[in-house]
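As written, the chains take the letters A, B, C and D, and residue 1 is the first residue of each chain.
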């Protein structure tokens, strides 16, 4: 079977992953409406392609928070990579570095931050944080990440409690005994989400700021009001995200929310988006609507499930090629030429 | 089979109830468009969830007509509970009391009001009334209910004649011989809907008012004009309802009509809604659009069909948990924080 | 099998009619988009039902061109009724008279106008005319109809050429040898549509007017411009029709066109509509949007196919009962109470 | 099997062509959204047909760039006709001439321009050009075409690189060894799209102008901005096209883009459209929205696949008959009577 587009990797993962792992990665909250809307919403956006531009020299590089990446697609934070591939997050880190892009490692990694760093020295990495009731444990994680050279701190804001993912309930999902949430060992008993602190508020941004000199990126913002609050509380970046549709079902598709957030932010901080990216042209749409970069979640896991580091590189390379081609066909030779004039929302 | 969400109970009931009973409960008028629209309309409403609110202490209690209930979901009036479970409305009453919420007992109950009261003393109950041609019989029912401690009188306004439910016609639906409309025995021959009085008008609200000191709630209002008339005729509450899509097909979905009614009422009386509630997030949407409380019809019957009182408690508990979670994920810790800013209508 | 609603008759006809006859009656032009849109467009209209009106005394009679009919549903002109039932148009005429409504007999009847008249003396009938190249033949038909007591002349305006109905082409549709277009015998060889005169213009209304004192109703109008022309040329009525979707595919659904025509006509002449009526509530919608009466085409043929005169009466009785019930549930006791306030167009 | 409408030819071609050829002709880029939208968009346009016009004398001729054609449907440039029929483009040229219309021969023909010319002397033909990196080769092609009597030069603007057509990638599509891109032999190795010059810009229109006195038609314009640029750079015609949905997926349907282009051009040059034409009424819609003529791509190939020259004539004749009929049913006797008043966009 030729791996031609991302859905080929999805089909592979569905076929070869253990059902409980596939279900966990695929899960959306409740009716999975938002999970699916993330994808459908891209299809309602139409390009307005321009012709007869010189697109002989394509340059698809961009910068996020000042660091160059080879193309505007990074790896979103997702947990439990060992469920997809034995080497887990080490493979993810290697693939991201090999492709010249950014990997956001999750608090819920099955490798330690130290293992991740050692696996791919010099790669661009951010660390994703959940704030736990045990603040000292969270503080320690932040400082370990900074010390290990992670270059950004991504605070997930949309998980005061875990969303209701029916299949996980039915399956009685839990990690297999040989896997651990290694970054949390010792700090507290793992895999009990009730250890997450649902009392976190905007003021905790100041607390985080006091712990680290890393730029803080807030993930999970979906409204202009929260975007404004994020900017006012001094974050450096916003990831428009609905947690892959795994938290509150029937919120907005992220590409729709992106428009609102970009408008509110007015360029004061960088805005990124995740959720629903399945083709290079989706990346182009997100950038046209104001995202500086997109992050992929499930497709990265499918790549891992296919062939580990190599499979993830395949996924990234396909997105890269598709993104470059769609840019050229839309008449853009450089990322800086991408703008809102390239898209319109379908009336359907 | 794990009972994870309400559709699990629906599947159970469809499988284990006698077809004639399932068909009766499931029936909608004509093409069942409105029955199905009640559900679909919720899916067109999108949340605008807010992040980083302190949702560590959740309080989901509310009050209806001054009485506290443990969460804003009550039991709508539906007939013939013995078709779903041998103990019938007695089980319903017990489950509602156990869960701390309100049960609206139907005129067409298969237990007497006295049996219902005795089954769950102290529970919050309202009585639903059809006005019959034999006004004395209706008067007697109202006064029995008041004497038994029912705390509200719900007048159904949308059934001058019974809607055309094709499956019931095909099945020749009628109650099995061992079941009776016990509250009507002696008053008149039961199960002939033609005994309903199609000449009832707004003036009959004054007649009802003369019979009882109970608050009067009118059920079946779908337009701003009728909402205004209801307020002017002195009702204490309005249930926006289309009788589960069993009366006039192709009227509005209740959640859509709710918006119009709430706008017309301007807070002068409490507004409730029934029809199409299948998830805790549906409850949140209804409250965001101005409902004080919602009522469930068919899901309560599925709960009864599953395990009687216990099954209905399961249904209510799932809705309660889902409602609490969706509130938290939307950034609300108390019912009073729920407002219209939480939702928007999808353009699709 | 119980015959509960019109689609039961449709299923029966599809099962028991010869395929070539079913195909002919069911046919739409090209992709059948308009044929199907006629039905779908009704589903996009929502009622705004009003409660607590006195609907104990229902009166569903109305008048068309001054003559009372028992309810606002007549029989649209369709050809070749012997394909559905051996007695053909004689049965149709009897059923219409028995139900107290109007039957528009087609030029392409398989019984003579004389046979139709003799079958149901005293029934309200209009005669539908195609203008042929042989004007003398058309003139003779008009004058026969008037002499036989037909009370209206319906000029079909939308068939200068016959639409392309793919199934009829594939089937090589033609009348079986034992059936004849009896009203055209002698005048010219039948069943060659090319005998229709495609040069007919509005001026021919004056010619028709010169032939007869019957009121002239024009059938096939879909735009405000043509409605205005019809009024200016002195017709007495307009039937908004797209020939059941059998002529130009992808024109408007008739219920949508009705709105435009009614607005243009401003009450100067009566407006009727055919196409897509499948339930009593469709009739209510058409009247709410300004139609004085609706006409049914295919459902009448299904009734004939089921049981001839008796089957057609069944169809009409179901529509009558459904219409009366939907009126009552919408809060109207008389046809004169039906108005535009009862409906709204769904945004979907 | 009767060949009644164009989808009959599609079904035939799908059944009898080698899979690799069918896939190549059918292919769309990525998810094939735009390929399919080209067709769906026509279905969202509704006619406003006018009645009682004299349509007895139908005249469906029109002119493109001053030359009369028998009806406003030409043959769009598509490659590799020998994949569909052994005689390839020679058959296409003969069929177009026989039907009195225009054939745009592709650079990627499997017959030489000389063979095409010799096959159908005197036929109206335009030549479609891709500009290659080897400009001398392109110049030679233009001058050969002009010398052979081609009457227009069609510059394709939307293919700086080839779109990603997944099935072609999976199939490893390439021409069978016995077929050649005969017009390119000697000039360079064929079938490597990388020989296309992605640096082409609007200035190259001036270069083309310097090579030939033929009118230049630009193909692949989808926006008002590019339409304006095309006019300013002195082209004589614009073909609104998205390359049959084979280049950038999720651009606009061509019939939608036509509206925008026609509005921008304001009659300064002729505008044509290709993509999604499947019925005569589609042609009528395109003309109503301002196209001077439409071009068919895949349907021509299906006709060839069915019976070569004769099959393509069948396809054209069906379109011609359907176009004439839909004109008449919409109330137009001449092409000049077609206008925007005939159509409206459906709200759905």
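Methods note: contacts are C-beta pairs under 8 Å (C-beta built on N, C-alpha and C of every residue); 3 or more make two chains touch, one makes a residue touch a chain.
Please read these numbers as outputs of a predicted model, since none were measured by experiment.
Counting only chains that touch, the fewest steps needed to get from chain B to chain D is 2.
Of all residue numbers seen at the chain A-chain D contact, under half occur in both copies; the interface is built from largely non-matching residues.
Matching CA atoms, the turn from chain B to chain C amounts to 90°, rounded to the nearest 5.
Rounded to whole angstrom units, the spacing between the C-alpha centres of chain C and chain D is 42. Within chain B, not a single residue touches two or more of the remaining chains.
Looking at the complex, you find that chain A touches chain B at residues 30-31, 33, 157-158, 160-161, 163-164, 166, 169-170, 197-202, 204, 218, 220-223, 225-226, 229, 247-252. By the touch criterion stated above, chain B contacts chain A in their complex at residues 2, 4-5, 43, 45-56, 279, 281, 321-322, 325-326, 328-330.
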